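My questions will all concern the structure given below.
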């Protein structure tokens, strides 16, 4: 079953074409990688899917309904959650609160019900706390649940962001450079974590990553962008041997 | 959940009872002057805590409280004045029907003040929250001016520049402090609920908040409308305390005072707003001598009107430069914190 | 507010000729008022363009400029020309001092802190004004040159109404020259693009910001002095309303854009005068018109007329 389709997405900022004629189909349960040199337009694609940009042209469909043009919070509610390239936690809130917020968009209690702590809200609050604790256990952060989120070390902040995204109950998870800044050990743990979460939570994953070893190991399918255009698509093995990809990356090495 | 929940509940009830006893004592033994200051404190607590909800908790820096307080004050005053009083006051143009014949009890008028102000806040929110940051500040400041201009010109509703006189002095310590406690209780609960968490999330990172499914616009509207509701009630209390209101009472000056309070207390901290409201109200009284002539026995120093505000302005600038987080930052008082500090009782959570 | 005897009044009604005269007079009036808004708006827009701060105190800086001119004439018996120039210089210095004393320390704090500081400075100036100058309005003498009334083709036009746009145009050209033809101006435009990079390239950023404050404040002083001659009195709170309206003018023109600010000012001035002239019954709401326009722009064209970008 096809979960997400993007057809002929183009994004222009003034005169600059950040993404040009981008097409993507993701099957349910897949892990798809989006790679390419810096400034290739990967995050722009994410921002279009997650509702931060409205594509200049093209349509995005998620489970048969058009989502391009919807606001970010509506898209999250529809079942697409994301993490950010530069971790964006709610700094002054505790670790568990950061995760509980993920449930907020799904509670049925009204503003008044929550303020007056009516029985429905109390049940839902318990659900939020229990759910958040369960997710924190999944990502190994239950010990630090009461601490301030920004006091955590980098790797744990990444995992917290992942837990927060899961709390919104997504079917599709967009991970923007999840392994950035991690050491090989942490990267390996993250890889196992993502694979485990996919099975346990029935997830589909689209990720951007620069760590090629990680990408090649975790992704079933990879799409390569350069200058906003798709230059290659295929299995990790095909991508590794694709001359255009090699050229794009070598070019980057030379440019740098 | 917190194992000390029951104990904390008892402590809260005890604290409220203590406050009631103190008020009773002040009411029977305090001078008129003391009682007036205490009333002012309570009203400023209501105004500051609700202003803090939108500026501190939700992080949307706005400058409209004078507009809300004005709407609340006029609404409740117009509702409690008797038809006869209105006929006497409205000398240029008669008061419009049905306002001219309505007269309701104080409590009803306060509730109406809250609802009417909340309604205006809701309408204002639509254009206001299309913008952010500095623009939000200016647009909301503009609303304050617009409300004042309207109050000056709608002769048949507000009696224009003449204002309303002879409003019954219904506001006493029980009303002001009772409503202050209720306001703090409700707003604190709201802030602790997941709606409050969502508001804080918007403050820290609006894009990330949207990414976890929070409708930022709608939650800002909730905070703004709630804030308006309580500002309106505060306005109603104020009108029935000073008994005379006119458009000049609700200038940006009022907003400025509230801004000092919430900034000094720490943007986002309810406890801070309460402490600073008391401090600033009391301090304002204590500094009143600066504006008034001083008699030093042999000679007299003429008062310098404005000196007090010079000092307050300097305090605000100094807080911003040297102590940006105010007294409490975003921290809050809790019984657990207190018992921890005192090192007594309480089971660990 | 439009009660000054210096200003054109409704000459009469009835014939088409009088209607036309009336309309022309109002137009000229609107241009004069609009140039004042524009002059004050330039300070807002330049400062915002460079450090992204709404200088809340700008209107009050303008007020101080008026008092400088007033005391120059009254206490030091300077000729009015010298007094006005001296007032502009002093106001420029005041602007720089405010930046150094209050805004530099919060330059790297969150934007809201700087905004609150600016509100504090605004209140400080207003109340210092009350303390030092007293709350009672002071009459502002209008030099004879501006006080005359010309009769041109049936129009009664006070000299000031003609001089205001002219002086404004001269000052605007000067400011545009500074921005586009001098080294400091080039640095200003660089900083508004990217302050850190400009700093790295060896530009003394703080000096350039000081120049910006100086130029903006001097322009405000000039606007304020003409404002004072128009009404003709000054008081410590006189800066609030023109300050707010000038801000609206700056947004209307697209904030950060000096020419836009002037255009925005003219538009606002014309809109105000013409609306009140055509519908005298809304005269009381005059001060609310600007905010009506502001809300309207922010909803339908948030980038302003000249299309600069809204801040995040």
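Read from first to last, the chains carry the letters A, B and C; within each, the first residue is number 1.
Basically, contacts are C-beta pairs under 8 Å (C-beta built on N, C-alpha and C of every residue); 3 or more make two chains touch, one makes a residue touch a chain.
As the structure is a computational prediction, the values presented were derived from the model and not from experiment.
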Subunit B and subunit A - chains in contact with each: none
From subunit A, the most remote chain by mean C-alpha position: C
Distance from subunit B to subunit A - Cα centre to Cα centre, in angstrom: 42
Distance from subunit C to subunit A - Cα centre to Cα centre, in angstrom: 49
Length of the line joining the C-alpha centres of subunit B and subunit C, rounded to whole Å: 33
Complex interface listing, subunit A residues touching subunit B: 50-52, 71-73, 76-77, 81-82, 84, 88-93, 97, 100-107, 111, 114-117, 121, 124-125, 128, 164-165, 167-168
Of all residues in subunit C, those that touch subunit B in their complex: 48, 52-54, 102, 105-106, 109-117, 119-121, 123-124, 126-131, 135, 236, 240, 244, 247-248, 251, 284-285, 287-288, 290-292, 294-295, 298-299, 302, 310-312
Subunit B - residues contacting subunit C, complex: 61, 127, 130-135, 137-139, 141-143, 145-146, 149-150, 152-153, 252, 256, 259, 263, 267, 304-307, 309-310, 312-314, 316-317, 320-321, 324
Subunit A-facing residues of subunit B, complex: 186, 189-190, 193-195, 197-198, 200-201, 204-205, 207-216, 222, 268, 330
